[in-house]
Amino acid sequence: MLYFLSDYTEGCHEKLLEALAESNRVSQPGYGEDRWCRSAAEKIRALCGEDADVYFLNGGTQANRVVIASLLRGYEAVIAAETGHIAVHEAGAIEGTGHKVVTLPSREGKLRAGELESCMASFFADATHEHMPEPALVYLSQPTELGTLYSKKELSEISAVCRRRGLKLFLDGARLGYGLMSPACDMSIRDVAELCDVFYIGGTKVGALCGEAVVFPRHGAPKGFFSTVKQHGALLAKGRLLGVQFDALFTDGLYWDISRRAVELAMALKAAFAEKGYPLFADSPTNQQFVILTAAQKERLEKDVAFSVWQPLDDGRFAVRFVTSWATRPEDIQALKALL
Amino acid sequence: MLYFLSDYTEGCHEKLLEALAESNRVSQPGYGEDRWCRSAAEKIRALCGEDADVYFLNGGTQANRVVIASLLRGYEAVIAAETGHIAVHEAGAIEGTGHKVVTLPSREGKLRAGELESCMASFFADATHEHMPEPALVYLSQPTELGTLYSKKELSEISAVCRRRGLKLFLDGARLGYGLMSPACDMSIRDVAELCDVFYIGGTKVGALCGEAVVFPRHGAPKGFFSTVKQHGALLAKGRLLGVQFDALFTDGLYWDISRRAVELAMALKAAFAEKGYPLFADSPTNQQFVILTAAQKERLEKDVAFSVWQPLDDGRFAVRFVTSWATRPEDIQALKALL
Amino acid sequence: MLYFLSDYTEGCHEKLLEALAESNRVSQPGYGEDRWCRSAAEKIRALCGEDADVYFLNGGTQANRVVIASLLRGYEAVIAAETGHIAVHEAGAIEGTGHKVVTLPSREGKLRAGELESCMASFFADATHEHMPEPALVYLSQPTELGTLYSKKELSEISAVCRRRGLKLFLDGARLGYGLMSPACDMSIRDVAELCDVFYIGGTKVGALCGEAVVFPRHGAPKGFFSTVKQHGALLAKGRLLGVQFDALFTDGLYWDISRRAVELAMALKAAFAEKGYPLFADSPTNQQFVILTAAQKERLEKDVAFSVWQPLDDGRFAVRFVTSWATRPEDIQALKALL
Amino acid sequence: MLYFLSDYTEGCHEKLLEALAESNRVSQPGYGEDRWCRSAAEKIRALCGEDADVYFLNGGTQANRVVIASLLRGYEAVIAAETGHIAVHEAGAIEGTGHKVVTLPSREGKLRAGELESCMASFFADATHEHMPEPALVYLSQPTELGTLYSKKELSEISAVCRRRGLKLFLDGARLGYGLMSPACDMSIRDVAELCDVFYIGGTKVGALCGEAVVFPRHGAPKGFFSTVKQHGALLAKGRLLGVQFDALFTDGLYWDISRRAVELAMALKAAFAEKGYPLFADSPTNQQFVILTAAQKERLEKDVAFSVWQPLDDGRFAVRFVTSWATRPEDIQALKALL
């Protein structure tokens, strides 16, 4: 069986396993006070700015929930694209902390600065706006849930609206590496740090067993963030599990190598589909590829290949997703191509 | 430096590392639908009853929070000993889900059935009780935060009060192995399953990198528990991380071996203190040992040994804690003894 | 100034004032245990079924919040029309209790049974639905926020979908009297009780100073509802304030008389607009009337008449709302007509 | 039957009824934007400082819940006396908003500055305090739940600890009038405003049908407090109900007259018990009186008098409560005395 189901269907990059093995017997305090968490945070600060606050959390929904809850007052709301992960696939995690997710139309998975500005303008133009949840934070994903990318110009425009309107800007980077290493990307992680108030560098989907590094540039972490993490049940006793992995990921550019390689394989996969005449559902320059299959094609492929159905289309065909990761091998692409 | 600071200051038992390495490249679906989660759950059901619902969560506070939130109505409260972990060291995790933690006096870390019954009797005798948070769940730890153990008789009596009063009984087993493998323990894990409505088998503190196996005997998991886990940000994309570890822990009795060995070393450590004339702060038959040090003794030992101060005593001395784990070696005990 | 701003811009029907004055010195226990609450509940049960549980709350948002929170598990969601009050104008009250409001398209303020069924079918057809907030309750308003009415057939069809799908059906009756007394209405309050799991009979907007009577037919109140009310800060010490008013409203059919009279005046108001050639924005058979004004008409009328702007239209005109109530006099309609 | 059950067992002072009747037909906007709310707020500002923010809420638990939720971050806790209303009789309203209530010993219903300081010092001395809910607000009642009063010196000392420690100070004044009008009281409402960050002037228990005026001195209301009130379901559509009543209460000193008179009657009642040799349970200088009855005395009195049992005593006797209000008449005291 060829596996393109997701980027979380294998363990972790072998270098992380090695780092876990090597550090295994070294005694260090718990709760993120170990030497690896410190070292990993320093390496991330070297990339994002020396005044960045860095915390390690376990997974994406957890990071979204804890960060958003830590930044909003009770009645405040989050703005997200209607396809945003927090709006769709987190079982109401944000609402569970008391906040409404206000959705804007998704343009290939992306928000647009103009629509964001209009949304805020209409909000304040409404005489009854104090009876409505006030947007106070914008959530977006880079790359998006559809694998697409914000350009630096697009993100800068959104950031400008946020700053003018007093909105926090939060970038979900569960797959950040695949975005920044895409040939289509024109921004650096430093740009992300400059344009956003908080973001995370995804580990789980980029070669780690688990873990997301939450970064608040410019000492932006809210008071008591450590306690907020603890209260949400998101603090690991063996915080080293995250520290060791992120320290390895940010040693000798491993994080970027993993990302770049997976995107290259994704481009080969995309080319294979194109060559065989399969239409795209979305034109993604990152590690998630969305193509359209007929029911017959889908049924045939499912015998040998694991992939996921994104959504049934009205004409009976299916938008499906193929994902590459650190574990994908070039020969997997060739084998897939042979089956198309 | 000799390390007795806690049972979460090293990585994991080497057999778990091996299992992680071995399974690393095997592709499996995420979110706990992998083969190891299934296998581990089966092994746990073999111990606890075939009708047990088993879920794997990341850590103790997370398990406490998610389980309690899933079982209570909005206005309902939890009863815990005043020394209970949820009452003291979880940054308000339970209150964060909307529920009051009502505390009863701690008797060496334990609740007593009689006091529980009195508490419930007084509650319902109060004509205004509908204006008060109604206790609906009892939380206790086995072993307790002071390393002490409920006897089977004590737990049975508490369980009987709970059943009579319609209270759910939840046992925090973050260190369950150390409890059940203590020579002082007269109950089995099957007894725990019979007496409680839900409990967890701690992994993080018993040789795993992370992970607690939540067990609801008699198909007792509340409707939608999976979604509750997801909403709390407690669902790992790579659920296999927990499955692989628990599968290894419950293969060939590794979990019990780790626990038994650590308790034996703890007994040796206790004997060493006794031999040298140090008084005990609590008489623990498990892997956490509590002794009393003078300020001078404390200062001297701290140079070579890592341990934690539990609480300053009124007479200027200190109750301190020494903890053993899978990573403790017999020679560490000898070396410590030489320093006493 | 002619006042058509809303149905909550005056005090209360004089008979309620009289009842308050008459009962003022009578000593009775607090928290809803007074004789008038009991009497009012009996009168409501006589209308809705002897097995109805009846509670008195203060206002609409409060009732929506308390009722919904009392009926849902943590991860469960509410379905509402996109124009539903809870989706728009309650400052995130429902999300504040942890629940997502899932919106469906509004058809003149109404949900449709077919769309509800499709929504549920799609939800369960999605293989990842356990990662999404599960709808468990349907919220609708009768009359709607646009003054329109569900026919008995429409409500029956929605009720049938709810029962088949295991959804609770909650009817917001903040203006229920104006709905049931409309000549266009083909259902009785007994029908409402039969078709819904919970609803409320609005007092605040139908002649009372404050108060909504929440009705759970068929002993449907969830366990501990009184405590839930208390926990939400929604229990009045002087519960009699609500009891006295509802007792008066349901004596000699006053509630229905107030409602019928206001609807008659609203129909006269609507006829006046029609006669003068003003287009309708929505065709409402109840006490809220929505017409379209040009900017010039709006500006002119605002000098002498208080009404509210519902929304600006794309062509520069305005949808505006005129509301009648117990306090509206026939001569007000004549005076308004003279100004059109 | 003589009624001393509580101060919320009758309607409202007749002057408030008159004001409601007089204003009844005057049309004014809803949601607290009416002329009476404005006028009442101005009168309260004249007493408490021109820079005070004033809001009108419905009841005590509601005010406690909304105010506390508006001022705390997620993981922060409230400190209260163990007898404090929020700690005992609000069905977990504060926990329902996510916050722990940390209790300190009650000294006749009061907190002590020294114990508060010790509590904070211990908190920060604990190396693990970031794992604990951080106290951020102090709640106290004036008069207390036992009718006792903080002296100006006591309140000043508590206020000083709060300011040094960065704690907000919140005074529950559900019976504030009875406190300030007690001959034993040495502080003014202006003192309260100077020493506290927020407090409320109770209406429900001091002659109104409902209503508490929340005062944030020095423009201390948190951003978006109006929306917070709305989100909690605590905003009345007919906000005038509260405005009219508070405007009447603060016209010609009615609030103080009601309070002074009830305290005088309470002192007469206390003297009657003393004269007849009944022991006091607490020595209250305000409108709640606590005496001790034998079972026989209690049984006998209950035939003719309504009062409440505060708590059974260990020796078989009962602490009981008698309360006076605006509705108590001098002849009621005489009649009671005759029965003792």
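Letters A, B, C and D name the chains as they come in the text, with residue numbers starting at 1 for each one.
The rule is short, and it goes like this: contacts are C-beta pairs under 8 Å (C-beta built on N, C-alpha and C of every residue); 3 or more make two chains touch, one makes a residue touch a chain.
Please read all numbers here as calculations on a predicted model, not as lab measurements.
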| item | value |
| --- | --- |
| Required minimum of steps from subunit A to subunit C, each step between chains that touch | 1 |
| Of B-C and A-B, pair with higher C-beta contact tally | A-B |
| Centroid comparison with subunit C (C-alpha atoms), farthest chain | B |
| Distance between the centres, which are taken as Cα means, of subunit C and subunit B, whole angstrom | 50 |
| Chain centre separation in whole Å, for subunit D relative to subunit B (CA means) | 42 |
| CA centroid of subunit A to CA centroid of subunit B, Å | 33 |
| Shared interface positions of subunit D, touching two or more other chains | 74-75, 90-92, 96-98, 130-133, 227-228, 230-231 |
| Of all residues in subunit A, those that touch subunit B in their complex | 1, 3, 5-6, 8-12, 14, 17, 20-21, 23-30, 58-66, 90-93, 96, 204-205, 209-210, 227-228, 230-238, 240-241, 244, 306, 327 |
| Residues of subunit D touching subunit B in the complex | 74-75, 77, 88-92, 95-101, 127-128, 130-133, 309 |
| Footprint of subunit C on subunit B - complex, ascending | 31, 69-70, 73-76, 97-98, 130-134, 222-224, 226-228, 230-231 |
